[in-house]
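Order as written gives the chain letters A, B, C, D and E; numbering starts at 1 within each chain.
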Amino acid sequence: MPLGGVIFITIFVAIFGVVILFAASLFGTRKYDSVKFESYECGIPVQEKKDTKISVKFYLTAILFILFDIEIIFMYPWATTFRDFIKSGEGGYVFISMLVFLAIFIFGLFWEVKSKALEWE
Amino acid sequence: MSHQTLMAILILSPLVGFLINGFRYKKHSAELSGSIATGAAVISFIAALLMVIDLIGLPPEERKIIVHFFDWIAVDRLKISAGFTIDQISAIMVLVVTGVGSLIHLFSIGYMHHDKGVAKYFAYLNLFLFNMLLLVLGDNLLVMFVGWEGVGLCSYLLIGFWFTDKEKAAAGMKAFVTNRIGDAAFLLGMFVLFLTFGTLNFQEINHMVPTTSELTWLAPITLATLFLFIGATGKSAQIPLYVWLPDAMAGPTPVSALIHAATMVTAGVYMIIRLNPLFLAAPNTMAIIAGIGGLTAVMAASIGMTQWDIKKVLAYSTVSQLGYMFLACGVGAFGAALFHLMTHAFFKALMFLGSGSVIHAMHEEQDIRKMGGLRKYLPYTHLTFLIGWLAIIGVPPFAGFFSKDEILWQAFHSPRGHWALWAMGALGAVMTAFYMTRLMALTFWGKSRVPKETHPHESPWIMLLPLIVLAILSAVGGWVGIPHVISEILPGQPGNLLETWLEPVIKSVPGVAEGDPTQEWSLMGVSVTLAVISALLAYHFYVRDPSKPKKVAESLGKFYELVYNKYFVDEAYFGWIINPLVSLSKGIWYYIDVNFIDKTTYVVADLVRGGGQFVRGVQNGNIQQYAMYIGLGVVATMTYVLMR
Amino acid sequence: MPSSDLFLEVGLSHYLVLSAILFVAGMAGVLLRRNAIVILMSVELMLNAVNLSFVAFSHYMGQMDGQIMVFFVMTIAAAEVSVGLAILVSIFKRYKEVNIRFFEHLKG
Amino acid sequence: MTADVFLFWFLAIVTLAGGLTTIMITNPIYSALSLAFTMVGVSALFVTLNAYFLAGVQLIVYAGAVTVLFVMVLMMFDLKHEVTAFTRGKISGMVKSGIVAVLAGILVGSISLTTDIFSKSGAAPEAVIGGDTTKELGKVLFSKYIFGFEALGILLLMVAIGAVALARSKGGTHAKQ
Amino acid sequence: MGHDIFEITINAIKLIVCFLIIVQAVPVLVWAERRGSAFIQNRLGPNRIGPLGLLQLAADAVKFFFKEEFAPANAVKFLYYAAPIFALIPATVAFAAIPLGAPVQWNEHIFRLQGYEINVGIVFILAVSSLAPYSILMAGWGSGNKYALMGALRASAQVISYELALGLSIVGMIMTYGTFNLSEMIQAQQAPLSYSLLGFTLPLNFLPAWGIFYQPLGAILFFAASFAESNRLPFDLAEGEAELVAGFHVEYGGFKMLLFFIGEYGHMIVASALMVLFYFGGYVIPGIPMETLNQWALEHAPDANFASLLAGLITLVCFLVKVVVFLWIFIQVRWTLPRFRYDQLMDLGWKTMLPWALFNTILTATLIYVAHL
C-alpha cells in the first residue's frame, strides 16, 4: 500500500531530522552572548520593528498562480484521456472543447500581461 | 449539413460576430464592423432558411426539428437541456428575426456611419440577435428566459447607447427596471408551471395541459398564465408596463426598428403563442389578456394622435399594434396574432427605418412640425413609407389589412370574443388611420416647414435597400394569410397558407362555429371604410387647411362668409371633435399614464422603503451574525426534515 | 452498527461522520473566530469536509459524479479564496484591520 | 484490525486534530499551517477511497496553492496586535456554540441512524470503484460535465481579472505598517 | 501474517534506502560541485583531505556536527526548527516514487526498485513538490529577520511561478503517453522511434522512442523550470547575496543549514531523475530493449532469480549514469550563467515559458489529433 509507505517515510524523515538536530545541539560548543542572538542585518544596528514593506506583487503572483494552476490541472485528465477519446470517435468534440478552454486561458494570460499585473518594478 | 451543425451556426454566428466586434470595440470603421455584424446576421438567416426548407419538406404532423446540445441543469426533477426547436411557430419567428435583423444591420451601416462607438454598437446588435434566437428557439422556458433576460440587457445597452446624455441613460434604466418587474412575474410563472407539471419543456407542458378549462381564479394554470402574462406585458409594453417603450426611442433609430418594433417587444406575444394550449385552458387569463390588449390598442392610439415627435408617434403606434396582437391571443386567435406579428414586423420596421432615413436627412431633427413637404427631397423614402402607411391603416391588399382584419373578425366571432372587443379594435383602427395619416401629412406632404439651414438629402443606397425590401414585404406579406371569404372570389382561390401551416401546432378555441360570410364581409367593410374616412379627414386637416384659411380670408373679402362657413364646419370639427379628442387623449396621457400609473409605482416604492427601514435593524453588518442566522436556518430545516 | 464492528470495519458512515465533524468544526470557526482570514480558512475547512463526503459517496456508490463535483468545488473554493483575500488585503491596506467586527463599519 | 482500517483511524484522528487546531489556535499563522496539515490529511483520506488523482489535485490546489496564499498574506500582514481570537458577546457566543453543537448532533445522529442504507450490505461490492479512477474521471468530466468545465474556465478568467483589479485598488502598491 | 511482516519490512528498508541515497548523494554532489566549479574557474578546489579531496565531505560533515547551536532571539522557535526538517520531506517522498531500475523477480516476490509504486506518479510528485514553499516560508517567518522574510517570499513566489510552467510543460508529455504512471511511461519509451502522421510513417529505428524526440520543446521547458524549482543558479534569487545576504536561511547554521542543503540537492536529484524518466527512457539502456537485456542476463546468470537481479542492477546503474549526466548539467549551468534580475526571472516564467508551454500543449494536441485522423 503506497499510502502507508508515504506516511512511513514522512514520519521517518521527520524523526531523523529531529534526532539529528538534537544530536548536533549536544555536540556543539556553546559560547553565547547577547549580540549573537540579534537578527543578522549585515552588521548595522538591528531595527527593533520588523518594518518590512512587502510588495503586493508577491501576493498577486500567488493569486494568479492559484487560478492558472487550476486551469492547468484541468488539462491533466484531458491529457490522459485524449487518446481514448480519439479512439472512441469523440476526439474532435473533446479537442474543440479543450481549444475553447485554452482560448480562455490564453485570453486570461494575455490580459494579465497587458494589464501589467505581471510587471515587476 | 446536419441539423445540429446548422442550428449551431444559426445560433452561434451572431455570438461570434459579437465577440469579434466586442474585442475591437474601440475601432471606428463602420464599414468593417458593420460588414462583420451584417455577415453574422446573414449567415444566421441563411442557416435559418435552410432549416425551414428542411422543415417544409417534412410531413405536416412531424414538422419539428429538435436539436439537443447538452444537458444544462440536471438536479433531481429539474432537468433542463440546452435544446432548441424549430417548428411551425418558431420557423416564422426565426425568419422574421434573422431576416428583418439582417436588413436592419445593413441599414445601420449607413445610419451609424459617423458614430464613434460603431463597433460597440454592432457588437450589441449581434448580441441582441443571439439572445433573441435563444428566446425564439429554446425548447424550454428556462432557455427562453435566458434569451428573455439577454434581450432585455441588450435593449438597455442600446437605448442608453449614447449614455453621455443623461436622459438617454435614464431611458435605458427605465426600460430595464420596468422589464425587471415583468421578468420577476415571469419567473414566478415558471415556478408555478414547474410545480404543476414538473417540467419546463414546451412540448411536454403543451402535452400535459388538461383538456378541460380551469374556471376558478386561483387554480395553478390560471395563476401561471397570469404571471407569464404579466411578464409579457413588461416585455411587450402593455398596460400597465408600457411606459418604457416611448422613452426607449432615445436609442438609435435602427435599434428602435429592430428591438422596439419588430422583434423583442413581440417576445411576449410569441411566448403566449408558444404556450397556446396552456393559455387556452385558462379562460380567465384569456379574458384579461383580450381586455388589456384592446384597451392598450385604443389608449396608445389616442396618445399617438397628440405626439409631435416622429419616433414617439411610431412608438405609441407600436404599443397599439401590440395591443392588437394580445387582443388576438386573448380571443384565442393565436394564428392571427402570429400573422399580425409578422406583418407588423415588416411594416413597422419599414416605418422606423423610414423615419430613421428622415431623421438622418434632417440632421437629427425629430419634430414633425419642422418637417413637411419632404416628398420631393426624399422620393424613395416617401414611396416606401407610403407603402408602410397603406399597410398599417389596413388598405387592401397590403399586409396590414389581412392581419388586422383577421384579428377584428376573430374578436367578434370567436367564442371567447365579444362585440365590445371588436368595437375597441375598430376604434383603434380608426385612430390608427388618423394619426398615421397625420404623420404622413406633416412629414412628407403639404408645405415645407424645414428650417433654412437644413438641407434634406436622400439617404445612401445602403439605407434604401432595406427600405425597399421591407416595402415589398409590407405590400405582399399579407398574402400568405388571405381569409377564406376573400380567397373565394379571387382567381385561383389561394388557400390560407398560414392557417394550414400553423394548423398542427395551434389549438383552436373549443366551440368555434362556422363564420357567416355576410357578417364577415360587412364587418370588414365597416372597419375599412371607417379607417379610410378617418384617413381622408386627417389628410384634409393637415394638408389642405392650415395654409388656406389665412390666404382666403385676406384675398377674397366678398366670399369670406362662404369660405368662413366652410371653415366654420372645419372649425366646428376642430372644436367639437378633434380638440375634445385631443384633450381627452392628453387627459388620458396625463391622468392615467403620468399621474395614476407612475404614482402607483411611487407608492409601492415608498412601501418597500418603509419596510426596508424596519427590517434594517436585523442587518447590522455583523457578518458572523448573518452566518448565525444561516446556521439557525440549517438547524431548523434539518430538524423539520428529520421530524417529518 | 454493532459496537465491535465500529473500530474493525470502515464503511461509508465512518467517512461521513468524519466529514460531518470537520464541517461542524469549520462552521464553529466561521461563527466564533474574529480574524477574517481565519474565517476564510474555516470556510475552506468546511469545503474540504464536503469534498470528503463527496469522494466517499462516489467511492461507495460506484459513480464518478462525486469526484467531478469535488473538482468543481476545489475550483470554486480557489476562486473564492482569491477574491476573498484580495478584498481583505485591500481593506487591510486602507485600515490595517482584519477583525471581522470592524467590517461592519464599512457599510455605505 | 487490517492495515486499511488502521490507516483510516490514524488519518481520521490526524485530520481531525489538524482541523480542530485550525479553529482553536490563536496565532493565525499556526492556524494556516494546521489547515495545510488538515488538507494533507484529507488528501490521504482521498487515497484510501481510491481517488488518487483527486488526492494529488487536493495537494496541489489546496495545500500547495490556497494555503500557501493564506500563509503569504498572513506573513505580509505581519499582525502585531493580535485580534481577539473569539467572539466576545456572551449570548451570541452561546447561541452560536449551541447551533454548532446541535448541528453536530443532528448530522452525526442522522448519519448513524441511516447507516444501514449505505453499509456494506447495501452497496454491492462491485459497485465500489476499485483501482485507477483517473481515466474514468477524465472521461466523465469531458463528456457529461463539459459545460461546467468550460464555465469554470470563464469563472477563473473573471476571478483573475477581478483579483487583479481588487489588488490594485487604492492604497498604493505597498503594504504600510 | 508473517508474509505481511515480510512485505512491510522490505518496503520499510527500501524507503530508508531511498532516503539514504538522497542524504548520501549530497556530500558527493557538494564535492563534485566544488571540484567542478574550481576546474571551470581554473582553480584547484578542495584537494587537501584525502585523495582528490574526496574526504573533504566527511570533514565537512564533522564540522557541521560540531557547529554551535543557537536560535536568534527574534525567532519563532517552533517554526525555526521545523523548517529545515520540512525541507527534507518533499524531496525524499517524491524521490521514493521514482523507479530506479527494472523490477527484480525473486521466486514469487517482485521487488520494485522504488520506494512505492504509485499509479498517478506524475501527479504525486508534482503534488509533493508543491508543498516545498512551506519550508521556505516557515524558515523566512520563523527566523524573525526581514531579509529572511523577503528571501522567503521571493523564493516562494518564484517556486510557484515556475510550477505553472513545469506543470504545463508536461501536459504534452502526458498526452503523448496517455498515462500518469511512471513505469508505463518507461515501457512506452522502449520501442524504436518512428513518427507517423496522416498514414505516413517515418521509421528511425536506430533511435529509441524517447520522449525528447516527441517533446523537444517540452523537455527544454521542463528542465529550465526544474532549475527554478530547485532554486539553483541562474534562478537563485532567494539567496541573492548582494541584496538579501543569503535569503531565507540567513539565520541558519550548522546542521540546520545542512538539512536545507540536502533538501535543495534532493530537489535537484528528483528533477534530474524526472528528466531521465520523462524524456530519456528511464532506466532502460539506450538501444537495448528490456527483453534483450533479460535474455542476456539469463545467459550469464546461474538462475532466473539472479538473472533478474543482474538485470535490475544493470538498469539501476544505467539510470544512475543518466541522472548523473543531468546533475552535472545542473552544476555546469550554475557556474556558467549569471543570475537573473528578479523582474527578468518573473518575466521569463510568466511571459516566456508559460506561453511556450501552452504552445507546446496545443501543438501536441493538434498533432496527436491529426495523426489519428
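Side notes on the structure shown:
Going forward, a contact is a pair of C-beta atoms (placed from the backbone, for glycine too) under 8 Å apart; a residue touches a chain by one contact, two chains touch by 3 or more.
Since the structure is predicted, the reported quantities are computational estimates derived from the model, not experimental observations.
Hopping across touching chains, the smallest step count from chain C to chain E is 2.
Among the pairs A-D and A-E, the greater number of C-beta contacts is found at A-E.
Ranking all chains by how far their C-alpha centres lie from the centre of chain D, first place goes to B. When every chain is reduced to the mean of its CA atoms, the largest separation from chain A belongs to B. With centres taken as mean Cα positions, chain D sits 52 Å from chain B. Distance between chain C and chain D, defined via averaged C-alpha coordinates, is recorded as 5 Å.
Centre to centre, using the average C-alpha position, chain B and chain E are separated by 69 Å. With centres set at the average Cα position, the gap from chain B to chain C is 50 Å.
In chain D, the residues that reach two or more other chains under the touch definition are 3-4, 53, 57-58, 60-61, 64-66, 68-69, 72-73, 75-76, 87, 96, 99-100, 103, 107, 134, 137, 141, 144, 146, 152, 156, 159-160, 163, 167, 175-176.
In chain B, the residues touching two or more other chains are 624, 628, 631. For chain C, the set of residues that touch two or more other chains comprises 27, 31-32, 71, 74-75, 78-79, 81-82, 85-86, 89, 93.
Working note: touching chain pairs come out as A-C, A-D, A-E, B-C, B-D, C-D, D-E. Those residues of chain B that touch chain D in the shared complex are 70-72, 82, 624-625, 628, 631-632, 634-635, 638-639, 642. Partner chain A is touched in their complex by these residues of chain E: 8, 11-12, 15-16, 18-19, 64-74, 81, 84-85, 88-89, 92-93, 96-97, 115-118, 123, 143-147, 149-150, 153-154, 156-157, 160-161, 163-164, 167-168, 171-172, 174-175, 178-180, 245, 250-251, 254-256, 259, 342-343, 346-347, 350-351, 354-355, 358, 361-362, 365, 368-369, 372.
Here chain A touches chain E in the complex through residues 2, 4-6, 8-10, 12-14, 16-18, 20-21, 23-25, 27-32, 36-42, 50-52, 54, 57-58, 61-62, 65, 68-69, 72-73, 75-76, 79-84, 86-87, 91-92, 95, 98-99, 102, 105-106, 109, 112-113, 118-121, going by the rule given at the top. Contact residues on chain D toward chain B in their complex (touch as defined above): 87, 92, 95-96, 99-100, 102-103, 106-107, 110, 144, 146-147.
Those residues of chain E lying in contact with chain D across their complex are 4, 79, 118-120, 123-124, 126-128, 130-131, 133-134, 137-138, 140-141, 149, 152-153, 156, 160, 163, 167, 180.
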